[in-house]
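Heads up, the next two complexes both have subunit A, just with different partners, subunit B and then subunit C.
Up next, the complex of A and B:
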């Protein structure tokens, strides 16, 4: 009786809350359904009105004033104090560092073709460095890959790319590690830095280029600056994280001996965070390579340049040859920096096979040999410039082109009909659903959906982004990009769920797939376009496929981790109550991994967006096209700049909405 | 007692925002810790603490987990910043010290040994022990030779080039001990240094501390939650509960006259005969006791008196330090002492060592 009494208020409250929840869920669903209905009705009845379509060559007043701004900067570059005392010297300094490395590895700046160190010297030096920071395996890999660049006929291009990566990584570390240390030590700095880094990491690499070209002109210097900005976040984050994760008791023990702040940093924090910092260096290096190749668009020399030129002339063979070079470079950089981070592990020193002394002797001997080879390549022609008769690049290109032609002719039926049917059956209707609906209807629908997912705050941010896109005069192009991105993310999420669930449920599948996914994530965005260009030709479809392949690894990995992270007891309970595997997946694992799925969608979307805009190089329209056109023609420069901004706003919008979805519990209160 | 090395006066540590208002505010400082937590959200980890530690003394702070021991010992060198009060070390108030003075205090006067060792994983044993010397700028050669001496002293000779993760827990704590000793501080602070070790290793380490104390005569402040450890090591023991001092005194004072039921409960399991001296059971001299009965010093442990008393035909007289007869004991009073507690815990050889090693350490 007593229990019943006590239970009563609870019982009374029970139905109330449930009803409240049900009402709130239905309100959210109703809002979302309402937004969808509004959109459909707008499409059906106002089809084709208020689309804000702007033909490729037409400009708005804003674009024209940005053009004027461009010419104003060009005219005042010499006289303006900001340029004279800050920006131009900065450009000069960065340019001369880049010039130095380019001269060392690739060619002297005086126009002579012979670099300071010939190819043999370069290969020898890089191999030695790989051995010194890593191990013998990665040293051999370095030697083989860099020699292979010579056989590809791409040694000079590869050396340019490498020189720019080295410059950018050096500057990134110079700025990033101290900043990371500060953020690791001071919570106040951390609070300021984190949102900035978050913001930087939602921006596709592409959008840095135009404004930097505006300020620093095109060329290696702007390429390096853009790369530094793009590559800095990982090393800053990981440095700070490494310092913050030092156990409190170790720090306390050090303090109890009377360390000064500087001593603490030198003897405790830096050594103990070393491995994490080197992992940051690895990630920053990979980001730098990715950006250096894309910076070909603002006239950075190197492998990226070769790919861009080949893409523009649809020369699949050359693009593949050079793309392969980028992939190999990525593998070398990744392996060497990974080996370095393993060496940085506290226990590595004593488990190494060579004792410190032997290692020193071996390294010195190797160094002498290396210097000898450098000397050889400074005196003998075949060791300075890679011999032309060993160049198999044209053969590779020719073979690939032939294969691609053969594929396109003989598989025409397959590839073309597949591409056509997807384009006509899905892509075009979906795109027109976005582009042909009056902008005010669609914007309102998106804002309502944002309100449903994340309340007033999200609705306000969303509306602001939409308004910005509209006032940039690029609504229609944005919708084209959005359509491609949304289609790509749907496929990415299907892949993410299928493979992620498989990996999360079976450690065997996980072990088989993870190395591939890791490799996929380290590749520069750029090279994904090349193989699909060979298969499907230059069009939106190719860009979407490339975006799917580019974004799938991250989505799959996040999903797999989410599924694997579900408590085994819960799964066990479900199995022991007689659930079939399918029921376990659909009733337990996926619902419990819901937040993880939203996070996967969030990350996947950022990758997709980055790729869809780069896809402009192979014929995807939309904002990416405007950006690329802006680099090429000065008459549409302003439009390109505006398109870059529109990409930023689109990115923020998608990021915030998916993040809100990830944060929202299933029964979220709307208020 | 000689002049104190450490004097703690009205020391408070209140965690949480607004905690600094508590000690000075009569309304707040009058509340119990639980009430304070309820009303302000602040945790009172150390409450109005007062005690002195004499030179060369082993001063033990004991209490259950969460009673504020770690906070108290960290306040002594301001690893945790006290909220208010005074910590006088050699007459200087640590709370008023500037950065440089505080650093010097930590470098030369007080070192600490931690429960979880806090060794630097990227340094060898030798480099860990010499860490403090390096910090204060000792030349490399000197700090190496000094560290090698210390390593030998703590029984780690031959392990100089090992890394912490290659050592067992007990050996790691020897490194921690060596690190604290290397700087030759006046005082060593221990925060539950042996709680993470196996019982057997713990006993070895306790013996090690007793040995070092005897050899080097350092002042020690030793935090533990283990009563037998406290009784074994401590000249005096301070018992804490909820941040407050409940009782302070020598081991036999705590066992012989617990201040309240909390402490009585605490010490009820202790075999009294191993801890108490004859002083606690001496009764008035009975009329029939012959004047030539055997005499024992009042500082003799009850356990040690058992053979004589059980063998003697008459009661045994008890004399104080000056040789004056204080009273007498007999078989009944000894049996009563043994049976009043711990009778169901027949004393083990290990427990006998409690008393024996205590005497040799003192």
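Up next, the complex of A and C:
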């Protein structure tokens, strides 16, 4: 905070505004202090009253009425016209697209075991595609990784996962890019779409998996639809953002030539936004992969299924082997789409080493070779089904299991006492501060703080979210979740600053860290939860650790980008004026990356919230537990749905407050 | 640049030649492997049976034996689907699931799908008997023999205190899929305990495993038959005995869980189809010992199919009774 305030006189335009700022700061500080005092007084004097606690097995009337949703669908699925003419055909269409890709890469859904294209053909085709849209390096990576799936003994599972991701990404783009373009052109569409996207991204997938399975039946079609819901927001947002960030004067120049709306879109807006749109495709692809894994819970085939089944018997080794496959696939998808986005950059082609004609020849030669390999994979057994005797999967599983057992037996007492002291010393008092304060006092304090940070508008949004949470009957559970989430985000930000600064300052550290960060983001949390359970036990601490592992990479990456993006001349100037490295970091780099840090905190918080439900599988309790229970037990389905909504409202509340806190000083300077 | 282009244009025919050679070698016109693969299935009139696979290994053991027999003795095409219990029942309505091999109660689902929608029917008991209750790791039962009596639990409450249990003893609940009366039980039996939700079966099993390995205290909800009991034989704590109706009001429950006679549920469609698979599943009945034998083999790393074959070969007379 201190750096935040010190930086402002520098940013301010003149002496007049500086004085105005200082007065405003003191008012804001006074309001924040007042909110804190109100909260503390409420905690001390009204301790334990008005906490709105609801035991895990109890329901409110609202929850009971939401329960009927399930039986309503079951009764109406045969006769209702919405089902007959909209949902069932939609399901059929999605199912046949998914069925097509599965038949090509993995196996036909009718139970025939050999796919249209054997493993060798699949590897060849994907390598060629990677080469065509990216470059030789990512093509090699693709070939190596997809062959490695075979050695893991997981080629068929990986192919299923890949087929579902391809289906989902295809449908996502089909729906997402036009929507993104619309939102980019029209502000009215943008205003309607944004809250819907927020909702889609913060609603835990566990909440809609079971109802989706009810509407669209279990299997690949539901899995793909769930994945599209989860993966569409990034590409819509980034497409719209890309179109919006085209400079105004460029647009005016085109308008002055008399272009029509459609011409402008085709010749100016889409080409100029291409790089951002491809970045959106990258983000959506990664989201799709993570969701396809979770969709294993509604019988989507693939690597996720292997993970889920392995964990039912706590087989850490097999789960890690499969999780490794998911991480590698994520890395391939990320690198290929990133390479594609670099290629899409205006002017990239000119700087490339191959001329258009040469490239065309190379591509055609490679394509012929590829088609040959496909034909081989259709006719020869060893090229169709990966040879079993080359399977090193069991060796990987065995090694990992042994290592995990060793850790659990030898470190338990250390980790256990660490967990106990952190929980009793920090988490419990903090949680009590949130859960034992009367709800009206805490809600008022949060609303005042929101007003201090973002004015009336933010205060109104915040109050609405708080009122919604209270009326959902889940205030206490929300506070339990909030306590753990806030603690997690503090650790995430500490890690983000420490590693982000290190990575931003040294490209060597950056290169060493990236694969680990990718793994942390894409390894399904199910995989590392079991060893953590052994080390820390089933409790909130374990859930917090899992959230940190998932959320820290994104905070670190954003911070590193921010630090690396600071103009080198500024840093050099500081160094030449005799600043020590520490001074450069604390006086120049961190203050200048302040906006990026706020963005990192915002994104970190969203990622932490995304883990609330997973955390409940290892003892986090709170809203996450309600969601999990609602997924598996029809009698508490309504409560699970309500808890999912509460997570959405909590997410929107935290998102708006952190965004406002990040933007407030800068916005004021402009106005 | 020109040089490389020339090189490439020369490599193009070379690549084509390589492919041609490959195709010649592999016999381009030969039958595709796909057709060879497809020829194996679909021999008899049994048709396709969709079997839901629920999470636990005991269930897997039931399903393994049924699938083995249906495939090898009746010639059915068996499609196994890994599904959650709740979702499996939904499959009856949509026609995607024909068989649930081991059902634990689920009165609400039975009412919805059997009584109201008529899409599923009860196919009789599996012969397995399920016990739900509170368990402690064996080292505790050995060291504190009187702990297995629920009346003494308050004496030990201090020992079960954790960072999660707010100063009381911790009672660890696991898989949210199971109905529990534990919060009501703690209240109505005046126990100085707090129910803490581990959130998943995996978390619960891992907690018991750690507790036994490190000799730390743990009291938790568990069930038998369950494969984990053959690794760590947990000891059940007795609560006031169950009597008919003592658990009718969920708020006032003060007695132990009832004994569950596990049953099979099949889709009405399969039941009325006259398929030999329906007959087999109705006749399927074995004991806890049988199930544990197969479950233990599967848990030990044997493929479900192989474990099933081993058991079937050793129990030919029982199996012949089912297939009659």
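Basically, the second predicted complex is superposed on the first by the 394 of 671 C-alpha atoms of A that agree within 3 Å, B and C clash if a C-alpha of one lies under 4 Å from a C-alpha of the other, contacts with A are read in each partner's own complex, and residues count from 1 in each chain.
Rule of thumb we're sticking to: a residue touches a chain if its C-beta (ideal position, glycine included) is under 8 Å from a C-beta of that chain, and two chains touch if they have at least 3 such contacts.
None of these values were measured; they are calculated from a predicted model.
In the superposition on chain A, contact is made by A:616 with subunit C only, not with subunit B.
Of the two partner chains placed by the overlay, only subunit C lies in contact with A:57; subunit B stays clear of it. In the overlay built on the shared chain, the residue A:174 is in contact with neither subunit B nor subunit C.
Using the contact criterion defined above for the overlaid structures, shared-chain residue A:381 touches subunit C, although it does not reach subunit B. In the superposition on chain A, A:512 makes contact with neither subunit B nor subunit C.
Contact with subunit C, but none with subunit B, is seen for A:537 once the two complexes are overlaid on the shared chain.
When the two complexes are overlaid on their common chain A, residue A:268 makes contact with subunit B while staying clear of subunit C.
Once the two complexes are overlaid on the shared chain, A:71 sits against subunit C while remaining clear of subunit B. Of the two partners subunit B and subunit C, it is C that touches the larger number of subunit A residues. Touching of subunit A by both subunit B and subunit C, each in its own complex, is seen for no residue at all. Residue ranges of subunit A in contact with subunit B, taken from their complex: 247, 249-260, 263, 267-268, 271-272, 274, 346-347, 350. Of all residues in subunit C, only 1, 4-5, 8-9, 11-12, 15-16, 18-20, 22-23, 26-28, 30, 32-34, 37-38, 41, 48, 55-57, 77, 79, 81-87, 90-91, 93-94, 96-97, 108-109, 112, 117, 162-164, 172, 175-177, 179-180, 183-184, 195-207, 209-210, 213-214, 227, 250, 299 touch subunit A in the complex they form. Those residues of subunit A that touch subunit C in the shared complex are 55-57, 71, 74-75, 77, 111-114, 116, 118, 210, 213-214, 217-219, 296-299, 305, 308-309, 311-314, 354-355, 357-358, 361-362, 364-366, 368-369, 371-373, 375-376, 378-381, 384, 408-409, 412-413, 419-420, 423-424, 427-428, 529-530, 533-534, 537-541, 616-621, 624-625, 628-629, 631-635.
Contact residues of subunit B toward subunit A in the complex are 74, 77, 79, 102-107, 111-112, 114-122, 131-132, 134-136, 163, 165, 176, 179, 183.
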